[in-house]
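One chain, chain A, links the two complexes that follow: it is found with chain B in the first and with chain C in the second.
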Partner chain A sequence: MFSINIGDENFTRCQQSKPTLSVCHIVAHALVLLLNNRPVYGQTQQLSRPETTETDYKPTPNHGIFYGSNIMLVFLLWASLFLSSLQEQNGQDAPGVLLSGPQNVSVDNDLKDQRIYVTWEDDPSSSRVPDKLIYDVEVLLTDNMTEVHSEAVDVRSDQASRKYHWSWTSALPLECTSHSVRLRSRYQNYTSQWSPLQTITGRASSHPQVFPNSSVVQVDSNITFCCILGPGQRLEYMKYNNILMNTTHIIDQSYAMVVHMQSPSPPSCINVFCNSPLYGTCVYVGYPPGDRNLVCETRDLESVRCHWDTGRATNLTNQRKTHYHLNGRACPNRTVSNCYQTVRVDQGERNWTLTARNPLGTLELRDTADLKKRVRLLAPTEVVASGVNASVQWQWERQQYHILLMVCQVQLNHSGHIDMRNYSGIGLRSVVLHGLAPAQTYTVQVCCGLKQHFWKWGDWSKGSTFKTKEDIPEALDVWMQVKANQTIILWKPLTVNQSHGQIKDYEVTWGRQKTIIHPPQNEFLISNRSTDEGHRVTVTANNSAGSSTPSIIIIPRLPHRSKTSMKIVGSDGGFDLSWSASPNASCGYVVDWCPTHTKCRLEWVKVPAGITRARIQSASFEEGVRYTLSIYACTPWAPELWERREGYVKECLPKGQIQRLAAEQHGPDTVLISWTGIPPENQTAFIHGYIIYYFDTSHPSSLRMFNVTTDEPWAKNLTGIPVSSYRFTVKALTSVGEGGDSSPVFLQMNPQTDQLITVIIISLGSAACLLTLVTILCYRNWKCVKENLYPKIPKPVWKEEWLTPLEGHGCQILYVDSCQPSEIDIVCNRVQSGEAVLDNNAGKSALTNTNSDVPALHGHYNQVLSKTTSGHFTFSSPHAMCSPSSQLSGTVIQNPSYNLEVQACLDMGQSVGYEPDINSSSCPNPELYNMSYVPFEMDSWGYKLQCHLEASSPLQE
Partner chain B sequence: MAGTRTRRGTGSEQSRTARAAALAEQLHHECTLLLDLYRKKETFAKELTVSGDHLVTVPPLSSQLLPNDMLWRLYSALQQCRNLLERAIGREEVVGNGEDRAQYENQKKTVRDRLGHLLESTRLLLADGAGTAAFTPEPKNTEIDGPVNGSPFALKLWIYRIFNELEHWTLTASNTLKALHPDGATPKERGTSGRARGRRTRR
Partner chain C sequence: MSGHVKNMCPQLPISQAARTLLSLLLVAAIDSVSAGVVCRKQPCGSSLQISLKLTKLIHKESADLLKTYKVSQGDMSELFCQMSINNVPDPNISGLDPSERMLSIYSHCKAFLPHLKRVTEQQTDLQPPSSSLLSKLSTAQNRTNGLANQINCIYQTLFPNLPIPPEPVDGPTSVPPSQNVFQQKVYGCVVLKRFKEFLSRVTRELRTLKSQVCTRRTTFADTNALS
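Right, the complex of A and B next:
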């Protein structure tokens, strides 16, 4: 009966031989454990890693480890015998277990979900089991009986005799190969035999097929694809999204690859190919539903409207998109983020459950609410607003609203300005609006909510636009602009908020005269100010509702005294103006302004009394334009000009150009620079001075500058400038920098000597001209001149012998009868050869000029005036001169011209330094005097005289 | 076939033939573009070729045929193409958005409209007009209705095959109509040619 043989068959037989737990069971079971070493409780078998190269797909084998030591066996056998004896002694208390195993085992599958469903009925013997019964389930690959999953399923005793279900999802698509399932029951250490194998047959194909087919998987998950080849076919490749993947051989013609889904698939699924693009499948990759924040409410007190946030996009479309159910009822097919269902709202607080489901998962959202406290009113309809009494009416589409105590918001939109007002009441359908501005257009919208159990504001109604009634205009702001004998009455046009309607006209009254001015004109010229009444001017504005309060201004009887303008600097596009308080300013001040140099219409601002500062801002302000700001004191009478300012809102670099720059040399090292400044109307900033830039054109780097203040005239002498060529420019200096550059001028300085020469040449020229003029005059009036200056002298009478020339000499020496130390005259006669020698001793006659002014020359007689070969006269020293004597023998010579010639000769002797000692009676120091005269022409006498005076030594004689 | 009239027709017929040839050539260009867009959309490789039974079944176009018979067979093939295109449009999932999808959808519409015009032009060239029924596909060919298992991959391939048929038959139409035109060329010679498709043997 008991067999030591190990094997299922013997084990089964043993079980069947005794309906109670026996030693046979224990021993057999222990031997099975030891020899087969197969685990009773296995774990889910995982596929090997896909990245590995193609290998046989084999689950991890359970290698038997034989512990079959005899000691163990003996111990077990003895233990079983001991237990057996105990059982036999206490047989009535033992449970009497005889496990027959699960009954009616059936296996089903869902290829799409790759899920295996197992159903079985309870082991009939379980009724005798006091505790829980355990079923062991094993999933095997049929072809090689490799276990891929094993699991122990607990069944509680109170669930006995019932049908059990178990399911398991396979990582490998079930089409890839056949799977088998078997079960057995177990109680404590007793097990039943395995149920017969239930097999799910894998797919076979004549051509490559890829599984799973059209699956939907979650991002960041792994999915196993298998390719089943036809008989005799070989695997060439498996591709995922056109990427070649590593594969694993499962069994026979089945191969697998595992892919990690990293990102959602495009709307069109991702292709998986096996061997050819014609064989494959495609996979959708996305996310399970991610909806959240379910909120349910009612709008019409007849239905519930739940809305939620969809959360992360699932990336699944069409049949795979998320479907919603609210409290078990399907929401409309196109539901995305809200679901509407008709319900009774008076059921108090209840749960609202939204189920979101897509192929990757199911999500449930819950909200608990009493819909009566979750009322969000619909928008009011037919909103009508009336401008006559400024009332707003509207309607409710739902009759149920008429009994609700509600609070409503009325939103008034006036030119972009929003005004919110709240009103409350039961079934509120109209309100009256107060405080609206006249003649204004408003747009009104209404939304309401429940005052009690306020949940949310309802929807806004559509806007309704209306216009309020007109009212009389506000008083005009009037000012004046005085120009010579004319005064312009100015007033500011009223804004829409001030006019309270459309202004029809303005009425100007002064004295007994009245004039109507029509918009858009807003000024009036008064030219005659002679009458007293004319100084008070009243202006009113009229619209359909009436006239505004009159605005009065009093024109001053006399022109305002001119005031000195002080400079002011603008900031941020305006002027921060402050002034001293005026004792007369009983009603404040008026500040007006205008561009200083251009015509304009005055702008002004009124400052209340007691305030002496104002921020002057105007849209018409321009940068770089000088403005004159006048501050008037407002008095009970005419306004008084109090102070005046001039300034720029923002100073800019001068745009105008400095004109007429000129440079002129004055003196050897002085240059006068002159220019004309920038015209005031072209000045874009206050000019603090000018800067003269100049440099030597031969050394451009030698730039120098010279500052000129505005106090100085627009001309400047630059001194100490060396003679050279220069380039000059002038720039205006302002607080924002330099500008208004003049055009450059160049100056070539001349040295002073040149000027001196010029002066000399001019002087000489002038003298020559004068001399020429005098000569011409003298020539023309020669007779007169001659008569006046040189009266006619009778011709001297000459004796022939006196005039006979000496032999061998062309010159006669006049001898004086008495050789007394006297002056002698030498007469040089022109001889044919052009030379003559005068010898004092050669002639007996002497030529004496009694009237001669020639100083007496003391000398010796008989001195020879020898003729040199060169034709020069040679005087032998001592002096070969004859003193004039009144006792001359012969005729007295009275022709002064002769004296003149001698005189000339003597003058020449003096000019060369010969100065005879006339006071000495003795001869002078026998010193040799050589006097050499270069002959020159004496135009007046018509010959050349060339004298050579030699002081000969007495030894020479 | 009833058409026994020679194709040496009148000038207006020649003009109609030339216009139909030009239309076929233009349509072939559009079909090629549609096929490219579909390949891009479904990430099919350009070298992907389809095999198996052809979706369009007409007797082969032989040069021995009379022109009218040739036109009849061509007309029948184009009509089957239009039916297949309509089925494809009806079954294809409209998914995605953006510029690519819009371009693809527009191209499908263009091809459909232009194919209708080519069919009408071809019908007018037939000797007996629209009075004779065209060839119809084999009733046993279940592929013309598309995959029945709802597999998106099979549907993709089926649509791809339809677009391939379109591309092939519009090229055939262009060449045939050009051959029928006395000048042998369309008024507007485009210079484009269809892809080399030596794999097919039309029944």
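Right, the complex of A and C next:
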């Protein structure tokens, strides 16, 4: 595996390399020999035999030679002293001549730990060194003499043993390459020669090998693996845990890689190999022992039992797991957290040392204890409890316990309720338990500890179960429930703690009648309350131990007066009820409750006198159910109903649905909404009102709402609703929100056409009546009207000379001067039937009448009244048509329009050069009848003059 | 052979000393031949059928065992089984005639046993005590031992006059010397892989034997009796 080269190479080198020092050596050796009375060659023998020590040395027969050459040695001594003084003067290391270096150097190694051990003996010259001597140690890679470690080791000269040990752990496995070690001694500036190289040969192989082999390393440390290849082989890869790693060439066929161990390895270790999966190694990664908290005690007063916490898991198993020793004695192989050893416990206080060791380290835990003060008793055995007198007995397995003053815990478990009782005594083995409930099952366990020097409680015994005797039941809690002519006597079934045994039956005494009721029935119906003696009812419960105290209740002679219920709001699953004090409540109150709208069995609670509030809680309470709570005053006679409440433990959104929602149009903008409310039994909360939601279906965003209080009937008129199509829903409003949504109802509103027609007819009728009335009034006052509307037109005054008959033509000349101006515009009008002809021919405008009969002309004048297209009333008048007002009566016509019209006519007449020429007047040419005035525009007044002349005269016809 | 001895008993006029001597010889003879195996005379098909079923069971379990083994050895364990190791028994069944092949099966069973034991020992140091691998390895050993006994019985039944050599006919394969943990992993994987292959071949062989040998049992028996 390795070799250690031992020889006197240093000496040889000294002679060859430094001839000046050879004298030094000789002198030094001579000096030593003189001082020690030894021959010179004795040292040489010692080098060749390292095991020889100074104390083993024996003088040899060659001593005679020494004495023979004594003179020569003295000479040499003086000579050397002389030379040495010369060397000191020259600044050389003359004292180095005195250091012969370490002796008997030997090197050993531990491949598993990668550790090199070096042992040597003291430099013979160290005894003359007054101060400490230093040894320089160097570790080299043999192949290239590269230094891998160097260290200076201090050595005290006064050490008794002259043999020194030094060790060093190599990061690189020692198999990877050869390592050499050399030493030298040093004192101040003087050093000895290096000792010969001691070499540890590396591993050579014909196939790839990986080192270190199956090593164990600590988590979070670095480890160097090396791959040694066979001759001529080339490194292909190195893998750690199937991960390709970077490698470093060490020398020749050796390669290395450094891996950081981040986490513990599995029990099967982590695979490392190079070139081939056939050759590799495995590495275990874990932690050193982490045990702590060592505590030692005794259980049986014959042995020590130490236990500890294992701390962090080492992750090392099997051969690599932690091994424990207690005070130098190995613990059982499977020891994990406690170690047991037989010892004497009467040795007083002593140290207990636990050594935990695994490949990664050693840990020592210590505890100091007097075992007699650390007694943890074993569990009592054979624990027996008697059901008659409730005594508990047990036994101790160890006789030593019988003399111990101990304190014991007796644990009683009754339906999960734990009762702990302490007893003490010497060697305690029995106790009597008092205060146990009758007819109850108990489980008893016992554990004990020392009363003096109490250390810890011992182990609990196994449980022992027993049952106590029965006793008479407690009095029943009796109440009544009145229904019409029936009264139900109710009582609460007794709990296990109240019954004190198995209830066999109940006895109900009512007057002289006695009835036996068997469980589980716990009520009794009294249907006839007519007899006086029947109002007092007594109920008792019976078990094997006897009857309970009678419970009495007096049934009221008359039904309770009805009371108005007040609303109450529940909280936290119950009701916080308070009421006013009743002067009759001499023995307190009774509060009973039941769902308002469903049949039930009453529940009740009795409240002591003087208290007027109670928290009503029941497992049967349900959310969204209305309860009626009745408060009775307890009196010496029958209970009196005092107050009543109604409420919900918790109100919920209505689950029932509002039914029968209907919408009906009433009037043009009124809708009647009607619905059926949620029945009381379906109400899950108090309903504070209803909300009507509606919106125009053509505009869904136009949602509107209308609140309806519960005071109002379940119907509502909505007014001011425009005619359209609507969707209506109704919701109930409660304290918890809206709910009980009805199904939506749609309504298409129609406009009220009949009414419109009626209005029109009425309007028309009214107008007709008014017209008739006006007509009648006008008829009766026709004269007046006529005078106002048609003032009498004075007859024209005829002058004889002017009104001369026309000869030949039969025409008469109308004197314009005599024409009375009228308020009514006289414009050109159509001459109907050719009675008047306007002759506008070429300046010869003349009003001519085809008839010579003037009255006829007047008659027409008075009658023709028509409306022109422009809205002006026009009279077809000969005056209008023919009067030359421009000349004759310009001031007569007051109205500008009249003026205009007339002016227009006049203009027209002027434009055509009209001149009243009586003489030239002639009967109109029949051809002119077909002439018509073409309307023309007026400049400033905007009037459209329309002169339309049609040939409608009889002549034309 | 036991039957052979039994037939001898009533034929000898025996004294007390001779009776004692004969008893000792009888016990020695039984021990030397069957090594404690008690073979019941069963029909050929029944015995082979049992062996065949047992082989199938072990083969199925060996596949599971190999899978568990690979999982328990860490990464790259799949490569371990592909390595070649000389000291592990060869899975091939040798021989020309049925008797030789039966004998080869028996020998292989016996040869695999120490290797399975060694693998179990090696894995005991690697796996936690609760590991299923250890229990499966232990089961494999027991079943292989039982299969070897079954084959022995069949061989004795079919070929009563042919002795079973004490050493494996294919030559002994010694368990490897001390190995490092890595080599143990490789070795175990190769052993289990070959063991599985061997059982596969045994299954085929027994199926063939059942179809061939049992139908001609009389002929073989006669032949062996004559030889």
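Points to keep in mind about this one:
The rule we apply is simple: the second predicted complex is superposed on the first by the 580 of 957 C-alpha atoms of A that agree within 3 Å, B and C clash if a C-alpha of one lies under 4 Å from a C-alpha of the other, contacts with A are read in each partner's own complex, and residues count from 1 in each chain.
We adopt the following convention: a residue touches a chain if its C-beta (ideal position, glycine included) is under 8 Å from a C-beta of that chain, and two chains touch if they have at least 3 such contacts.
Predicted model, so just to flag it, every value in this text is computed and none were measured.
More residues of chain A lie in touch with C than with the remaining chain of the pair chain B and chain C. Legend: residue contacts after superposition of the two complexes on their common chain; A:Pro267 is shown touching both chain B and chain C. Looking at the shared chain after the overlay, A:Ile403 reaches neither chain B nor chain C. Look at A:Leu789: by the touch rule set out above, it reaches neither chain B nor chain C.
Chain A residues in contact with chain B (one complex) as well as with chain C (other complex) are 213-214, 241-242, 266-272, 277-278, 280-282, 317-318.
Looking at the complex, you find that chain B touches chain A at residues 41-45, 48, 50-51, 93, 95-96, 149-153, 156-157. Of all the residues in chain A, the ones that touch chain B in their complex are 213-214, 241-242, 266-272, 277-278, 280-282, 317-318. Chain C contributes residues 72-77, 79-80, 82-84, 124-128, 131, 180-183, 185-186 to its touches with chain A in the complex.
Against chain C, in their complex, chain A makes its touches with residues 210, 213-214, 239, 241-242, 266-273, 276-282, 317-319.
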